[in-house]
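Chain nomenclature is as follows: A, B, C and D, assigned in order of appearance, with residue numbering initiated at 1 for each chain independently.
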Amino acid sequence: MGRNKMKLKLRYFAWVRERIGKPDEDVEVPAGVTTVAELMTWLAARGEEYAHAFENPKVIRAAIDRAHVKPQTAIAGAGEIAFFPPMTGG
Amino acid sequence: MGRNKMKLKLRYFAWVRERIGKPDEDVEVPAGVTTVAELMTWLAARGEEYAHAFENPKVIRAAIDRAHVKPQTAIAGAGEIAFFPPMTGG
Amino acid sequence: MTTQTIVRIQTEPFDTAAEAAAITRGRTDAGAVVTFTGICRGDENGVPIASLTLEHYPGMAEAEIERHVAEAIERWPLIGVTVIHRFGRILPGDDIMMVVTVSSHRAAAFAAADFLMDYLKTRAPFWKQVEKTDGKIWVEAKATDDEAAGRWAAPAKHQAAE
Amino acid sequence: MTTQTIVRIQTEPFDTAAEAAAITRGRTDAGAVVTFTGICRGDENGVPIASLTLEHYPGMAEAEIERHVAEAIERWPLIGVTVIHRFGRILPGDDIMMVVTVSSHRAAAFAAADFLMDYLKTRAPFWKQVEKTDGKIWVEAKATDDEAAGRWAAPAKHQAAE
């Protein structure tokens, strides 16, 4: 009961979005996946397009519920997690 | 012959002008006066209004031919020498 | 004293001068106005471009900019701050974004505008894609932008700039 | 590549936005525009003022500003620089002076505008007199302005800002 899957909305931007082929999706994440870095590893194993998007996790930035987070940040309690390349606005 | 008096145009700005009571004047400076600092000392002895204007020579700035100069700068060859308080533009 | 702040993310063009005027209108304590306008250049690293497309993360873009505007207000005595960032397709010569900072004194206005630009470049969720004759490419982030943003990290939060 | 420069000393009001637009018009290499506008505040150290009168040294004012514009161009890669400084009587809320710097990149535009303002404050021969209810007084120079200008003295002349 304490090891239920976690429901999440994922969003992708820029070339992460292009490589995965969609702007967002709803996923159920296994209980063993507890951090942003682990979520990227889990996603990378979901198929070729994900493997391509996350081939170099060091360059991917993440946000939980619209705030920047680090790879080691826990995902518990997150509603929406976004992945994107370094920002180039301004 | 080598100790001729030097003809100069003097210009005054802001409260230096107000204290002296005129914006400019032509003067003949004795040969012994060779630097900007010496010129200020000589001017200060010309009357009460000059004494007032130059009572604190450290705060007076000078320009020779429209370029900032230091008190120890030689006045030889100068055409126009200006005296004014620290600048407050911008 | 409250600081007037405006943050807008939009596709429409903006008018930097009108935004600056809107902040200072009717105020007698504004002594210094700094504006920064970012313009779409006609080339990217020497290669001509046809257009620029800006993607952003709606919701997060506003929140992130507002958070940095609030930090600027905490750091410097500001009368007003306006940040407008466009998204969508932008042609060479067109404005991309602007920052206006207004203060009683110039040091605060300059520092706040410079600070906001460094943070917008590295933290605001916008991504530029340029269209060249041989296709579209995503603009890569520059290490110099991270270094520039790093300049502001060291001092304590409540430093006085004046 | 020549840099467009304009230096004007005048009694008439000016239009910062129009001056900025004049520099960037028809150019595709301008990526960053920084403007600084100095405005006459309604008070001087908390005491209300009726007006400000700016005296200047004609000829030297232009020369001194042009010299510093030339130095800015030597230090940073600039596309254009415009400096306009008014003299005469100015009312609270009215513009006193402006600097516009245009470059391909923001760091150069910011640094050059900041540098020019620090030098104008401490080296350009202008003097402000404020009219208060109890008479006219000359504004005193601030030590902080000299310190600000001192920031730029240390680095070598040909430093690259980008």
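To be clear about the criterion, contacts are C-beta pairs under 8 Å (C-beta built on N, C-alpha and C of every residue); 3 or more make two chains touch, one makes a residue touch a chain.
Note that the structure is a prediction, hence the values are computed from the model and not measured.
The distance from the centre of subunit A to the centre of subunit D, each centre being the mean of the chain's C-alpha atoms, comes to 48 Å. Between the Cα centres of subunit C and subunit D there is a gap of 22 Å. Computed from the mean C-alpha positions, the centre of subunit A lies at a distance of 73 Å from the centre of subunit B.
Among all residues of subunit C, those that touch two or more other chains are 38, 106, 117, 121. Shown for subunit A are the residues in touch with two or more other chains, namely 90.
Taken as a graph of touching chains, this assembly is arranged as a line, each chain contacting the next along an open chain of partners. Chain pairs that touch, as defined above: A-C, B-D, C-D. The touching residues of subunit C, counted against subunit A in their complex, run 38, 54-57, 59-61, 63-64, 85, 96-97, 117, 120-129, 138-141, 145. Residues of subunit B touching subunit D in their complex: 11, 13-15, 17, 63, 66-68, 82, 84-90. Of all the residues in subunit D, the ones that touch subunit C in their complex are 15-17, 20, 24, 27-43, 92-93, 104, 106-107, 109-110, 113-114, 117, 144, 148, 162.
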